[in-house]
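So that you can tell them apart, the chains are marked A, B, C, D, E and F in the order they are listed, and the count of residues begins at 1 in each.
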Amino acid sequence: MPYVKIELTREGVSREQKQVLIKGVTDLITNTLNKDPHLTHVVIQEIDLDDWGYAGEQTSVLRERGISANKK
Amino acid sequence: MPYVKIELTREGVSREQKQVLIKGVTDLITNTLNKDPHLTHVVIQEIDLDDWGYAGEQTSVLRERGISANKK
Amino acid sequence: MPYVKIELTREGVSREQKQVLIKGVTDLITNTLNKDPHLTHVVIQEIDLDDWGYAGEQTSVLRERGISANKK
Amino acid sequence: MPYVKIELTREGVSREQKQVLIKGVTDLITNTLNKDPHLTHVVIQEIDLDDWGYAGEQTSVLRERGISANKK
Amino acid sequence: MPYVKIELTREGVSREQKQVLIKGVTDLITNTLNKDPHLTHVVIQEIDLDDWGYAGEQTSVLRERGISANKK
Amino acid sequence: MPYVKIELTREGVSREQKQVLIKGVTDLITNTLNKDPHLTHVVIQEIDLDDWGYAGEQTSVLRERGISANKK
């Protein structure tokens, strides 16, 4: 009985990317733990940039300063 | 001190249904555990169909295929 | 697709009480929203009294002072 | 590695108030536990008044009756 | 800024399986969304079988009846 | 109606530190938002080092390598 919650900053995640995350997390968990996928739920929650704080700053402020969360 | 979070797919839950859930969960918990209702909070969170995955598929895709979550 | 999380202070909740909560919440939600119970998960999480704060105090301290969460 | 979730009723919390909460919680945790702020995330989630139940009633109903959550 | 919570029934998940889940979820999210892994946290929470309800029954009761969550 | 969840790695947080966190978060929120502290709950959840992943690695592995989360 796995349940997974994925929280992300709301920065243009597409419907297709969400499907990739849902399929990928479900496959990973059901394969690693030998679980029935029909007992596996994955919920994605997007969070506005004003509502996610990192190191004491709103992400919206960090983005205004040009600081991204992208891979280097 | 009970706190309850109810996550549901966003599929037309009415204000009245939410009130039934809040009243019912509060009564159930306070009666079963003999708790003061003034210490009992219930939070409902509706999740868009693109954001809830079941068995590796977005619920929005399942609904397009005619697969519902209704009782049989 | 409902998922419910019930957080409670750890104060001697029995296995039977947990079963009453799980059955009761599942029946309430599936009847109110006409949902398939096989898509309904309920998770109970007990929290130690040192870890639950109310009005700025640890519940363990409130209990030592004779303040309970019981119904009046 | 602290992660903090703050759930609030949606009642006009401003961007500035959110920043005060994010900065304050981050400072409190990193100072109390000597943690690196770059490992500290704070997420704020506002909940509609119909979706937050207290003592078995929707907060929206309580507000209509003139019952607020303000300090006395 | 992704944060992921994985809730599982406590049924003998090994340290190595947890590492596979953590590495796999982190890679999936950072590759799909082009996110910095140093901003990605994954938390696993195991839930006792008495505390996870499915279709109105405790998982511990389902297991006693020989009903598993394994893949078919 | 604020509810706050603080998730921390389990690394020797004392009862007194928890009280400082509970009092501090409650004061911060009730002062910033002018909320009644009797409607404010704070829950602390400690997570085992094997169960918290950062940048794709278990925190227990990071600690074995001498990588801490302490302030610099």
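List of remarks:
Basically, a residue touches a chain if its C-beta (ideal position, glycine included) is under 8 Å from a C-beta of that chain, and two chains touch if they have at least 3 such contacts.
Model, not experiment: these values are computed from the prediction.
Contact with both subunit E and subunit F is made by C, D. The set of chains in contact with subunit C as well as subunit D comprises A, B, E, F. Set side by side, A-B and A-C show the greater C-beta contact count at A-B.
Over half of the residue-numbered contact pairs of E-F are shared by just one pair in D-F, B-C or A-D, which is A-D.
In this assembly, the C-alpha centroid of subunit B lies 27 Å from the C-alpha centroid of subunit F.
Distance from the subunit C centre to the subunit F centre is 21 Å, each centre being the mean of its Cα atoms.
Note: centroid distance subunit A to subunit E, computed from Cα atoms, is 15 Å. The multi-chain contact residues of subunit D, meaning those touching 2 or more other chains, are 1, 3, 7, 21, 25, 30, 37, 41, 43, 47, 52, 54. The touch graph of the protein chains shown belongs to none of the named shapes.
The list of touching chain pairs reads A-B, A-C, A-D, A-E, B-C, B-D, B-F, C-E, C-F, D-E, D-F, E-F. Of all residues in subunit B, only 1, 3, 41, 43 touch subunit F in the complex they form.
Residues 15, 18-19, 21-23, 25-27, 30, 37-38, 40-46 of subunit C are the ones touching subunit E in the complex.
Interface residues of subunit B facing subunit C in the complex, by the touch rule stated above, are 1-9, 13, 17, 20-21, 24-25, 28-30, 32-37, 39, 47, 52, 54, 59, 69-72. Looking at the complex, you find that subunit F touches subunit E at residues 7, 47, 50-58, 60-61.
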